[in-house]
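Encoded as structure tokens, here's the structure I'll be asking about.
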Amino acid sequence: MIIVLKPHPTPQVIQHVLERIEALGFTPHLSQGVSRTIIGVIGDEDKLQVEPLQAIPGVEQVVPILKPYKLASREFHAEESVFEIKGVRIGGGHLAMIAGPCAIESESILFEIAEKVRDAGANILRGGAFKPRTSPYSFQGLGEDGLKILKAAGEQFGMPIVTEVMDPRQVDLVVRYTDIFQIGARNMQNFDLLKEVGKTRTPALLKRGMSATVKDLLMSAEYILAQGNRQVILCERGVRTFEDSTRNTLDLSIVPNAKGLSHLPIIVDPSHATGRPDLIPAMARAGVAAGCDGIHIEVHSCPEKALSDGPQALLPHQYAKLMTELRQLAEVMGRTIDVREGVTV
Amino acid sequence: MIIVLKPHPTPQVIQHVLERIEALGFTPHLSQGVSRTIIGVIGDEDKLQVEPLQAIPGVEQVVPILKPYKLASREFHAEESVFEIKGVRIGGGHLAMIAGPCAIESESILFEIAEKVRDAGANILRGGAFKPRTSPYSFQGLGEDGLKILKAAGEQFGMPIVTEVMDPRQVDLVVRYTDIFQIGARNMQNFDLLKEVGKTRTPALLKRGMSATVKDLLMSAEYILAQGNRQVILCERGVRTFEDSTRNTLDLSIVPNAKGLSHLPIIVDPSHATGRPDLIPAMARAGVAAGCDGIHIEVHSCPEKALSDGPQALLPHQYAKLMTELRQLAEVMGRTIDVREGVTV
Amino acid sequence: MIIVLKPHPTPQVIQHVLERIEALGFTPHLSQGVSRTIIGVIGDEDKLQVEPLQAIPGVEQVVPILKPYKLASREFHAEESVFEIKGVRIGGGHLAMIAGPCAIESESILFEIAEKVRDAGANILRGGAFKPRTSPYSFQGLGEDGLKILKAAGEQFGMPIVTEVMDPRQVDLVVRYTDIFQIGARNMQNFDLLKEVGKTRTPALLKRGMSATVKDLLMSAEYILAQGNRQVILCERGVRTFEDSTRNTLDLSIVPNAKGLSHLPIIVDPSHATGRPDLIPAMARAGVAAGCDGIHIEVHSCPEKALSDGPQALLPHQYAKLMTELRQLAEVMGRTIDVREGVTV
Amino acid sequence: MIIVLKPHPTPQVIQHVLERIEALGFTPHLSQGVSRTIIGVIGDEDKLQVEPLQAIPGVEQVVPILKPYKLASREFHAEESVFEIKGVRIGGGHLAMIAGPCAIESESILFEIAEKVRDAGANILRGGAFKPRTSPYSFQGLGEDGLKILKAAGEQFGMPIVTEVMDPRQVDLVVRYTDIFQIGARNMQNFDLLKEVGKTRTPALLKRGMSATVKDLLMSAEYILAQGNRQVILCERGVRTFEDSTRNTLDLSIVPNAKGLSHLPIIVDPSHATGRPDLIPAMARAGVAAGCDGIHIEVHSCPEKALSDGPQALLPHQYAKLMTELRQLAEVMGRTIDVREGVTV
């Protein structure tokens, strides 16, 4: 940690900062120059926090040197993590192909979509039973009835399932049905929810918040990891910017960026990022070429009648066409996609 | 609602859209021009949602005309709402002056700060017992012990209290102690939390999310209002932008903007918005001059030893000086500040 | 154009708006509903501007229906534009591979880099002679001497060249040397510069501004096109967001987005977008997979001695490795890359 | 400057960095800890640039300690600058009240507006003769004819004038008419324009770019100052964010922030920042309370017929009412507003 003092510090100020550092059990290194005085401290930055030091009068800037996350970092775990969920591998060169409707609406619609996406090569089925809707007057999901339908569809078509959990009180219920928890962008810093999911041993798909930096995302992953749940899959789904022709702005640079900092797999969700079916295929391809560990896409057989997020869903035949393109790119990239039993693609 | 079709629609496309609108029980108005065909629908936009219409092939754009919130809107409630909490009025020309430490650390520290801010003219005491910290390794708050200390301080110094609630499971506990719930920026779209707080009859201070528009904020207020809790106080605390010399970017234009759209009071928190004590006084003054209904400021008697957010806290004497300035501005603005019993400022 | 009136308009307000529209030579269509009154006008939106209508008291919102650019739009020119510059095609399935140093520093360094990037498969050589530097004290470029070196290098290695023009007064000079003008992000709305470049018949590479929407970018292209210069190549180079671990945030969704709206080719610059050599290869691959028409990369043989933007440059051997990957992806995407005479890749 | 090496550097890497620093004429200070090795260099950061050091393999981070601007900084010039322009003082407690139409449209309209704003207490007259318009098809201004009208109005009503210059080639012309140059937000980093304006001795009003940090703004001021023109007035006019209900997001925290870093005066433009007359008065008041050195407001006597930016203009009587409020606030803030001869307010 580097502490930069304001110009022309008095000896008292310097002395006070040095004493504070020593009181915390560290050895300060003082360098006095013509323009600035700086104090370096090398040691465990967990015990030496930025904030109290920054509050000392006479301190201009405190620059932390170490990263604030540990279990999520490459320094802690050098190899890429690979998770295997009911036979589907994610990470380390294996791509998760997650597809399904935004919300679970009925058994017949979900089963129809599930069969089609599986046949197209999807290996994980998604569907929302608890829906975070901006308006209290919008459809809020089928709840446990939806979970039952999703679980049945997963078993019927041989796919592990992923569904969103929004409330710490739902974790006990959802864990009985799902293979993977989804934590939505709006809940990325719902720390109590992160802790509850962290106490289970069910993998978590953690979506990046709309204005979260890569560091924030890894800190939220750290909340889950610190509770003992080591299976966290990161997900980029777009951030909020001034660009108003897309729902959000997909930030694909987080893929190599997060993979450099962390061993955790990271997947890309072009559906929520763009909100536009005409842009989804290109962004899914770009995600694979950027080196991501999976693609999450909303598919609906009748978008204009969908109860949630219809306009951003691909039709099943559009998804099948896209999967053909993604397989070609995955091959060039040296990646594999586990397919479900009985499927030939 | 206005539906704009893509250029050169086929008669089938036009017919399909007209039929869908009629099937929903509305009367469409068709206007065909040289460049574009548009279809107007006038009626209750609750029943006529944008999304399914946007998913129809051939539709270029769907423009909603009505606002998606109701109970929060000026159209529903033309007069400014005024809430009275233990004798302190907020809204309608009355300013809430909320002050206190970021986190409750001990009885002695809190009581010392409470007395000083009350004497300076603060009329509501704040302090966090449950803290949303970016790092799982940071101090997470004293929990119920903190609530007890805060309640005792509020009683001792004659101030209503406000404290953050982060988890729907905490609502039953927190409601037994607090006079006002605080819902933090990270939880602005924690919809289950909003619903639980909405079921109580304790006022809620709802902070704007870091990337929430004014519309998003009012939609979150609507979640609380729709449950029957009509006492929602909005709070601007800065949004995330590219500017890196302040913690966030304080968007004061939301004050007149929200007051035009909504009857709910809105206060300003320059502490979290700037993260810099040198900027807080100017931004507090600007908030009052912009017409806000209160100012929320963190005060600590020893910022360099604070367990949370020390660097952004004002010292008690800085707060007292600022309150003198704010009272002068409030007077010019024709606003009043209820002071606590026995205080002469 | 749709004009939405505020709730409960008086007959006078309605009458005034109708008269204004008729005075402009258009026929208004009035629809009165319970909640809102709307007035539709179909016709040439060039003559009917949004702003004066929005200023009429009683008007809540004016919604334009047509796009404000013409020559840049797909509606004006349905086929993708293909430009051929000294034998190198851009657009319509042909990828421009632009490479070279940030700034031209000396003949020996430029010639060394030029040979290496050409051998790796680059087909256009870049280098800056006039540099837009944030600091007035930084190296500002070699000026005309730099242009001479760049032109000589282009001739020597058989590559067309691209270089930045910053000032309308430089256009006459730069046009004598360059094959393509580059207009930098900071000058995307330097309208006088756009007009001067528009008066030439030399192709222009127009970089997206740091906070420009796709619509803004196309409007700036329109400035050049409207002067008669029809060869505009768009370039995405990252936008400014809150993410602070990359220089900018690369918005690849603009690639399919712009290609849907416009016939102009669009290339991707991962060097300026990320500012980090460790992220450039992944983002270049993602750009090709997203369907862009070219990749712009800074290459330097000794980044630590570069006079400008060294840290973001790839080394020649890193560039060669990347080009191998990009060729494979281009093949999967059905794209071709014109190579220079005598080069076998 | 602090150089942080990547974990576990080899002795060769450390040696290479030390040699590079010594070759530049500086003395490095090496500190080796368990987790990181850091190298401190104290000295003139002009000669020791961040970029080449960051490009050295093995370097993780380079942290500059000194500010990159000098002439603009408080360290260079501790006292607040006060400029006097034809008897109107700006800075050091004196507020510039700039008002007038967006564009100069005709002598009669401008004279009518000028008289009204002067009588309301404005002390500087604005009007655009060269207009930066997003669309090439919009009204581009009257050019020199506009300048003549503006100058005549300034003389008639005893007010110094300010008008925008967009092109380095216009500087010689505009300087013959104007008392203050305006450099618009889109040209904040048009470095050749900054240099040309810097060569004159006419004060410059420099508007913050839409995605410029306070540091970027001060670096652009530095370009003008470095040429010898020491009269630069900064102007906040809103930045681009995700909020879509206002044209831009006014960042008032830049007022105390810039005043802490720099001696230059800073004014606030709520017209361009909000684009909404209903928000302008509140934001103008907030600007004064934040401590700014002036307010820039667009006023038009018939906004619905204005050729540019009509909807954001205040009517003259709205401006007069606002000026009454601003005078009261200025008094509380201990500020003065120079009024023009013969005016009683």
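Note that the chains take the letters A, B, C and D in the order they are written out, and that residue 1 is the start of every chain.
Please note the rule applied: a contact is a pair of C-beta atoms (placed from the backbone, for glycine too) under 8 Å apart; a residue touches a chain by one contact, two chains touch by 3 or more.
As the structure is a computational prediction, the values presented were derived from the model and not from experiment.
The fewest steps needed to get from subunit B to subunit D, moving only between touching chains, is 1.
Greatest Cα centroid separation from subunit D: this falls to A.
Distance between chain centres (mean CA atoms), subunit A to subunit B: 27 Å. Averaging Cα coordinates per chain places subunit A and subunit D 39 Å apart. The multi-chain contact residues of subunit D, meaning those touching 2 or more other chains, are 211, 239-242, 244. Contacts between chains leave no pair untouched here, as each chain touches all the others. Listed in rising order, the residues of subunit B touching subunit C in the complex are 2, 4, 7, 29, 31-36, 38, 40, 42-43, 61, 63, 65-66, 75, 240-242, 244. Looking at the complex, you find that subunit D touches subunit C at residues 20, 46, 49, 51-56, 68-69, 132-138, 166-169, 186-187, 189-193, 195, 210-211, 216, 219, 222-223, 226, 239-240, 303-306, 308-311, 313. Subunit B contributes residues 211, 213-215, 239, 241-246, 249-257, 260, 273-274, 276, 278-279, 281-283, 285-291, 328-329, 332-333 to its touches with subunit D in the complex.
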